[in-house]
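Shared chain: subunit A. Partners: subunit B in the first complex, subunit C in the second.
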Partner chain A sequence: MDNFNLDPGLWAKVRNIILFLFLVSAAATGAGFFIDQKQFFHSYLAGFMWATRILLGALFFLMAGYLAGAAWNVTFRRFSETMAATLPYGLILFIPVALGIHDLYHWSHADAVAHDAILQGKAAWLNPQFFMIRAVIYFAIWTFFGLGIYRNSTAMDKDKNIQHMHSNSRFAAPGMLLVFLATSFAAFDWLMSLDPHWFSTMYGIYIYAGGGLASMCTLALISLGFRRVGVLKNSITEEHYHDLGKWMFAITVFWTYVSFSQYMLYWYANIPEETIWFKHRFVGSWLSVSKFMVFGHFVFPLFFLITRKTKRNLTTLAFMAVWLLAMDYLDIHWNVMPTLHPTGFAPHWMDFTAPVAMVSFYAFFFWNRLQQHAIVPVGDVRLYQALAHHNI
Partner chain B sequence: MALLDVQGLKTVLDPNAPKQLWGVVAEFENEEALLKAGRAMHHEHGYTKLDAMTPFPVHGIEAALGIPRSILGYIVICIGLTGTITAILLQWWTGAVDYPLVIAGKPLFAFEFAMPIMFELSVLFSAFACVFGMLALNGLPNLYHPTMHFSKFGRATDDGFLLVVEKNDPKFSAVDTQQLLMNLGASSAEIVED
Partner chain C sequence: MENLTLTKSDLDAISPRMVLDKGTRPTGYREVTEDVVSIVEVKTPAAWWVAFVVSFLVMCMLFGMLAYQVATGVGVWGNNSPVGWAWDITNFVFWIGIGHAGTLISAILFLFRQKWRTSINRAAEAMTLFAVACAGIYPVFHVGRIWRAYWLFPIPNTDLQMWQNFRSPLLWDVFAISTYGTVSALFWYVGLIPDLATVRDRATGLRAKIYGFLSLGWRGSAVHWNNYEMAYMLLAGLSTPLVLSVHTIVSFDFAVSVLPGWHTTIFPPYFVAGAVFSGFAMVMTLLVIFRKWFHLEHLVTIKHLENMNKIMLVTGTVVGYAYGTEFFIAWYSGNPYELFTFQNRAFGPYWWAYWSMISCNVLSPQFFWSKSLRTNIPFMFVISIFINIGMWFERFVIIVTSLHRDFLPSSWGYFRPTYVDILTFVGTFGLFMTLFLLFVRFVPMIAISEVKGVIAADKHRNLPQHVEAEMAVKHNEIMKVVV
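And now, the complex of A and B:
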């Protein structure tokens, strides 16, 4: 049997690493603000979306697990719960996006709207005041469900009362709907409105699908990191990694399905106001990035993860998790950057420091919370079922 | 692996047909006893021609009896990719070669519009390969099997856990195998004739 509590020495060591990473990357990104303001805000937005989506993906699959009465995920469910409970701090990270609204969003300029009939039509939704109010609403919804589920689950550690689990299952049903809608609209607000003339009803699910994928990869990497130092070695076994691998495979296909559906419908209809967004992404070296994504984000992971062996081998699974996280970041980069660099793919050093800063910011609070309770939901009745989990 | 084993059926229906030894079937009370006995038979006593019949899937029975993983997955991907290629060729040949017709200014063939059919045919071919491949690998449908002669055969669909040892196992020896199964905790073990 494993020790279900975090060793304080290990905790302090990792906290120092996270803190160091955050200070260095945040300082570098912050310095970037004085070098190239527009680039700073775009890199920041990409990093912010990428990191926040990981937590949102974790929250969604956490609720799906509760709703379905899943047992396989219980041994690493506390990681998902802690990730979901880290979401409120995202509101702090959102502040620079709100401050950079005029550098990021064309629709935020009153003079631009005055000469643009389309933007005037959208002004009821796309105006700075409502934009801020909506962001607060999104974070309120995410916080309500993220923290609520986390609180119930940690309370169950102590009193072993199954009512907490039932309460979480009840939370999960409206929660999946509301969190999904909030994330969808957040994707419309924060990413799609970078090109305010363009619209796609599939955009929300397309952005969220990548977040689900990134959350599965992150859960696998957190578990593997613990395994490396000998924590939860017998609790999160090959069987659980196999299931995480299945999810990585499934969401890769789902992401492709959604993003291709969006593309194909616009390709078929061939209406300029709809195809313009893809046209921007087929200019110069952006075309190479678009083509590379088809292979890097779909064909390669598909054939890599299709066999049982690569999902059960922890080295290949870790490689794929890192690969898919990188691909997911490239996906976000490909969504954000063509507004700033319309002529071609031009990665800036801030595109590397900003995501590290965001992830280490969330990781700091994640790590703080993780040490306050057992790192496995010890009060859950399904824990023993999860420990004995076995794939046929 | 014939659809209908005529010779086998004749043998069953003809009471005067000559019988020959086929194997030994043993019944166990629960899945733990079956797993334990199966593990002992394969890993300690070296039997290889083993099979189990249970009312529900028993976790770990393949490893206990030394049954290798099915090759079904490889069959499915080969036939599934055949479906993908079929969809490409079908759409390319009908649209761009046999009857080229420009519709709405679209290319005669493009992966953009070919993709849904490629996906659908891959899924369709895979599903057929999966179902019919599974049936073929299991030798189904099969109306007759020698283990049906076991007196408690029907309990395999209710509450009995059967362990089967075939005659062509190199370690097989009718009486010894039967005795060994009884020693391993079987509630009954019978020599089965075909």
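And now, the complex of A and C:
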């Protein structure tokens, strides 16, 4: 049987690594602010969206698991729960986005709105005050459900009272609805409004789909990281990795379905106000990035993950998890950056430091919370089923 | 791991496989066979004949209407300019949507290891096939000269001298639906083989010969089972993208256009969710009746119905999200035509259709948040009827309200169905019910072998001994069904 508690030595060591990574990347990114302010805010926004979506994806599948009565995910469910409970700290990360509103969002300039009839029409929604209020509401919803589920589950560790499980299932039903609503509106606000004239009803689903994918990859990588140092070796087995791989495969296909539908329908109807967004992404080297995404975010992972072998082989699965996380970042980058670099793909060094800073920021709090309780929900009766999980 | 305090609902929650049992009737292997197969073995009940004759007559009315339409022309429908598409495509999409529950239950829930699907998948899959048959009538008869309907397929032809338009989603529909129909039929039939063999083994004479022929020489050997399980899984894997593709492509029929109200990117997933929603409502309507009629309450339990209600709650809410997002983006886009279309839907001449749709599809499933309501059989029956109506209205609203007020006010119009429209649609229910009644009379309506698989799996669930002991003690209490 595995030890379900985190070894303090290991904990301190990893904490130091996270802290080091954070300090270095945050310092570098912070310095970037004084070098190129506009670039700083755009890189920051991309990193922030990428990292936060991972946590939101984890929260979504956590709630879906509770609702469906899933047992297979229980052995690594504490990671999802802790990730979801890290969401409140995102509000701190949001502050620079709010401060950089004029560098990021064209609609935030009163003089621009004054000369733009369409933006005047949207001013009831797209104005700085309401933008901030909405952001607070989104984080309030995410925090309520993220922390609520985490608290219930950790309380179950001690009193073994199954009522906590039921209460989480009850939480999860309205939670899925509200979290989904908040996330899709956050996608409209923080990403879609970068190009304030453009609109797409699919956009919220499209942005959340990538987050779901990234969360599965992250869960696989956290589990594999623990496995490397011999933790939870017998609890998170090949069978669980196989299922995580299936989810990675399924969400890759879903992401493609959603983004292809969005693209194809606009391409087909060919209305200028709609195609303009894609046209910006077909300029210069952006076109190569767009084409590469078709391959890197769909064709390659599709064929790579379709066989049973690659999902059960931990090395290939780890490779694909890293690859898909990188692709997911590229997707966000491709969404954000054409407003800043309309002529072509121009990665900046801040595009590397900012995502690292965001992820290590969240990781710090994640890691802190993780050592406060057992790293597996030991009070959950479904743990028995999860430990014995077996693919047929 | 000690000190687990388990109540009735706790045990219920951790032992989903025990869903079959009722506590009042035994569900051993023999009893399951007996209860299901006897339905096709007993003398045809009088009630069945009554239902069949009524359905058959309604179906005859369908054929009469179609004959009249072919003889006279498509003008007997109420379609006009600007409403060039009306009940024909509304009913087509309605029936195609109904068909989605079957494959979702049999394929997607199979991949998700949802054991409870085994009690309802057979009937739902049969329903899929019959719904697709009803749907197919509309495009075929809308071409007018149905003897030219084969032009829908890209086959070399001497009289046409041209190829179909591969850029048209209507042609994609031809491929999507014919593939879906074929794979669904195969999937259904493969699942049937062991059960047909069970019927064969209990039959004599001509009956045994017919069922023997249909069961394709099934002997139940280990090799047979091994190949069967593999074929079943592969078909499930194939069907999963198919379920999603069919309604996606149906949504493309509208969304690729430049018409406000049709052209929006959320259409594909929104249509798929709506299709699943309507399909589950139809399964619910039928199963509530048939489980009672054929005394299958111990196999299709309240828990099955409750799970279906939960799925309806989810998909109904997804559909509500789509309605809301469409409306929001119509405003947000700043496009006056887009906004007008949506305001016109809600407050224009078809306001009654719009609000019927909203109340039936978005509001009525919200009652299922309450456990007592989603386990109340008369209540869920009524709601399922509401959802059937609401999902029909959804297609009507999308199609007719977007068309009836064209860009120029001089081209505004109004659609009223003719009696041919109405009787044709009523007639498709006759076709559907006729086929469904034949199905319950001649084919085991519950997948016997799969249900037995669940009973067997129950013996291998992995719970600690004291939990098992407690479950054994509280068995009757857990399985007690409150109706």
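In this section, the second predicted complex is superposed on the first by the 392 of 392 C-alpha atoms of A that agree within 3 Å, B and C clash if a C-alpha of one lies under 4 Å from a C-alpha of the other, contacts with A are read in each partner's own complex, and residues count from 1 in each chain.
We adopt the following convention: a contact is a pair of C-beta atoms (placed from the backbone, for glycine too) under 8 Å apart; a residue touches a chain by one contact, two chains touch by 3 or more.
What you see is a predicted model, and the numbers here were worked out from it, not measured in a lab.
*Asks:* After the subunit A overlay, clash or fit between subunit B and subunit C?
*Replies:* Pair status: clash.
*Asks:* Taking the superposition as given, does A:202 touch the first partner, subunit B, the second, subunit C, both, or neither?
*Replies:* Touch status of A:202: second partner only.
*Asks:* Looking at subunit A, which partner touches more of its residues: subunit C or subunit B?
*Replies:* C
*Asks:* Once chain A of both complexes is superposed, is A:268 in touch with subunit B (first), subunit C (second), both, or neither?
*Replies:* Both partners, subunit B and subunit C.
*Asks:* Considering only the touch criterion stated at the top, classify A:342 as touching first (subunit B), second (subunit C), both, or neither.
*Replies:* A:342 contacts neither subunit B nor subunit C.
*Asks:* Pick one for A:230: touches subunit B only (first), subunit C only (second), both, or neither.
*Replies:* Touch status of A:230: no partner.
*Asks:* Report which listed segment of subunit B has C-alpha atoms clashing with subunit C; options: 40-48, 130-138, 166-174 or 184-192.
*Replies:* Given the superposition on chain A, subunit B and subunit C clash at 130-138.
*Asks:* Both subunit B and subunit C touch subunit A; at which residues?
*Replies:* 264, 268, 270.
*Asks:* Show which residues of subunit B lie in contact with subunit A when the two form their complex.
*Replies:* Touch list, subunit B to subunit A: 57, 59-60, 69, 73, 77, 104-106, 112-113, 115-116.
*Asks:* Which part of subunit A faces subunit C closely enough to touch in the complex?
*Replies:* Against subunit C, the touching part of subunit A is residues 67-69, 71, 117-118, 121-122, 125, 160-162, 165-166, 169, 173, 177, 180-181, 184, 188, 197, 199-205, 253, 257-258, 261-262, 264-266, 268-271, 273, 378, 381-385, 387-388.
*Asks:* What part of subunit A is in contact with subunit B in the complex they form?
*Replies:* Checking each residue of subunit A against subunit B gives 260, 263-264, 267-268, 270, 306-308, 390, 392.
*Asks:* Spell out the part of subunit C that touches subunit A in their complex, as residue ranges.
*Replies:* Result: residues 1-7, 9-10, 13-14, 16, 112, 114, 241, 244, 248, 252, 255-258, 263-269, 310, 317, 321-322, 325-326, 329, 332-335, 369, 461-464, 467 of subunit C touch subunit A.
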